[in-house]
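Multiple structures are listed underneath, in structure tokens.
Look for chain A in each of the two complexes below; its partner is chain B in the first and chain C in the second.
For the complex of A and B:
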């Protein structure tokens, strides 16, 4: 008993010391939104003034994510893909003949109200996801955001209309193709500039004339956006399918 | 006015986080955590990051909650 209190005292003092150190570190940091902060002094002006003519998109966030910081985003996309690989290695992919879900065997059927509302809403949510992906160059959003919206709509569909019904429509073979699209589209577009002799992931290709170069860069960026979006949606849906799976 | 809204949201976030940690019923904790994501989504919007807000709403409040609920349905509902 005495030992326990002693241990707790040690833990609490350690946590307090850690909190004090963290708070003093936060107090040293520059103020939020201060125009004299180091990031605001050097790069932000360049992004805001030259972003559109250098990177090709009106939305500066997309410019930074896909162009100025392209390597980081490629790493992130690869991380999501690797996460799916690791999850599938443990959980195994579902099979139409041997897998079933507790969703289908549950005695409580989904009510007609929910079914009707989802049947009406699902196409709209899906369409909104596609809009976010395709319009990512001009408005907030892009591949990741639209992909997650599409994945959420598909998961909603599975929850309401059942596991086997959806598995029939979206077979593992069909999804396999889209899952690899996210990292693949990035690598393909990145290697395009390598062939011509530029650095990896540069979108301004000099083989096109001055007037078309920006348009081509925009096109390549939207290609990557579509790849990330559709790939991300497929990855999340597959994760959900393999977690739901039960074996007969 | 906006600053006041921010303070209310941040205090709310801390309260929700405490509730999530303290709840013994894991299903309730997962649902409250989805509320945490929703408030966090508004905070991102307040900080001027609509991209992140959109992701937080779809992933945090939608997909993660569903995955948590599946995991709970395959294990035990109550924490010891």
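For the complex of A and C:
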């Protein structure tokens, strides 16, 4: 008991010292929201002025993550794919006969109000996710955001209608195809420019004439966006499925 | 200038530092593994808030270009793009940690770090 109080005292003293240091550092930082802050002075003007003609999208964030820093995003997509692989290696895929959610085993089903509302809302949420993916070039949003919305709607469906009912509709074989879509779409587009003789993952292909080049770049970008969105949704749903355990 | 006024002017940075400390305290002092993971997520969120605040501009608009209007002040798009990467990596680490915790619970029957340590010493 005495040892525990001593530990707490050490932790709180250390944290207070850290708080003093970090808060005094934060107070001396450049003012929040100032347009002349150091991070706003360097590469950003180039992105804002030439983003649309160089990368092809009106949404500059999409320009940066898919075009200027495309390698970075490719690595990131590989990271979520690897996380899924590792989680499946630890937990194994869900088994139809041995795993249930609480809903499947409990004698009381979800109330009819919840079921009706979700049955009405689920297609709308799903559609909104698709909209966010497909309009990622010109409006706020993009592949990751839309994929998360779709995954959230699927998880909501599982929570309300039960694990076994959903697993009949979304079998592991069906999901397997979509899970690898995100890295695959990147590699497909990247190798396309390699075949033509450009650097990996360049979107402005010189085999098209000047007028069409930007349109083709936009098409390739939305292809990757769809790949990331659908792939991300499948990965998050599979993670949720594999964490279902048998109730004891 | 008074330090409290300075902290108030940099309100977002101050709040993100406080969140960071809350997360750090949770990680160090709690014994439950899931609580530790929640603390880690709070710390990650504070870093995201800090980064996004660095790129903010007072009165700036979302960085979606609109025709020829060059007079419009946009916020800095670079931190937003970088943090999008960070969020996805945070989700991946959380998923992996949760699956490890599930496996620990199945194997040892507890997720209290102190009890796990006792079990390891007793072996």
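What we mean here is this: the second predicted complex is superposed on the first by the 228 of 248 C-alpha atoms of A that agree within 3 Å, B and C clash if a C-alpha of one lies under 4 Å from a C-alpha of the other, contacts with A are read in each partner's own complex, and residues count from 1 in each chain.
Note that in this section a contact is a pair of C-beta atoms (placed from the backbone, for glycine too) under 8 Å apart; a residue touches a chain by one contact, two chains touch by 3 or more.
Only a predicted model underlies this, so the values are computations on that prediction, with no experimental measurement involved.
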Exercise for review: Please work out whether A:61 is in contact with chain B alone, chain C alone, both, or neither, and reply first, second, both or neither.
Suggested key: both
Practice item. State whether A:239 touches chain B only (first), chain C only (second), both chains, or neither. Key: both
Review point. First (chain B), second (chain C), both or neither: which does A:132 touch?
Key: first
Point to revise | Touched partner set for A:140, first chain B, second chain C, both or neither | key: both
Review point. In the superposed arrangement, does A:149 touch chain B (first), chain C (second), both or neither?
Key: first
Review point. More chain A residues touched by chain B or by chain C?
Key: C
Review point. For A:80, is the partner it touches chain B (first), chain C (second), both, or none of the two (neither)?
Key: second
Review point. Is A:159 contacted by the first partner chain B, the second partner chain C, both or neither?
Key: first
Check your understanding: Counting only touches as set out at the top, which of chain B and chain C does A:26 meet: first, second, both, neither?
Key -> second
Check your understanding: Regarding the shared-chain residue A:69, is it in contact with chain B (first), chain C (second), both, or neither?
Key -> second
Practice item. Across the two complexes, find the residues of chain A that touch chain B and also touch chain C. Key: 61, 140, 142, 144, 236, 239, 243
**Study point:** Interface residues, chain B side, partner chain A - complex
**Key:** 50-51, 54-55, 58-59, 62-63, 66-67, 70-71, 73
Study note, to complete from the structure: Counting only contacts in the complex, chain C reaches chain A at residues 3, 6-7, 9-14, 17-18, 20-21, 24-25, 28-29, 53-58, 60, 62-66, 73-74, 76-81, 84-85, 87-89, 91-93, 95-96, 98-100, 102-103, 106
Exercise for review: Give every residue of chain A touching chain B within the complex, in rising order.
Suggested key: 61, 102, 132, 140-142, 144-145, 148-149, 151-152, 155, 159, 236, 239-240, 243-244
Review point. Any idea which chain A residues touch chain C in the complex?
Key: 8, 11, 15, 18-19, 22-24, 26-29, 31-35, 37, 39-40, 43-44, 47-48, 51-52, 58-61, 63-65, 69, 72-73, 76, 79-80, 82-84, 86-87, 90-91, 138-140, 142, 144, 232, 236, 239, 242-243, 245
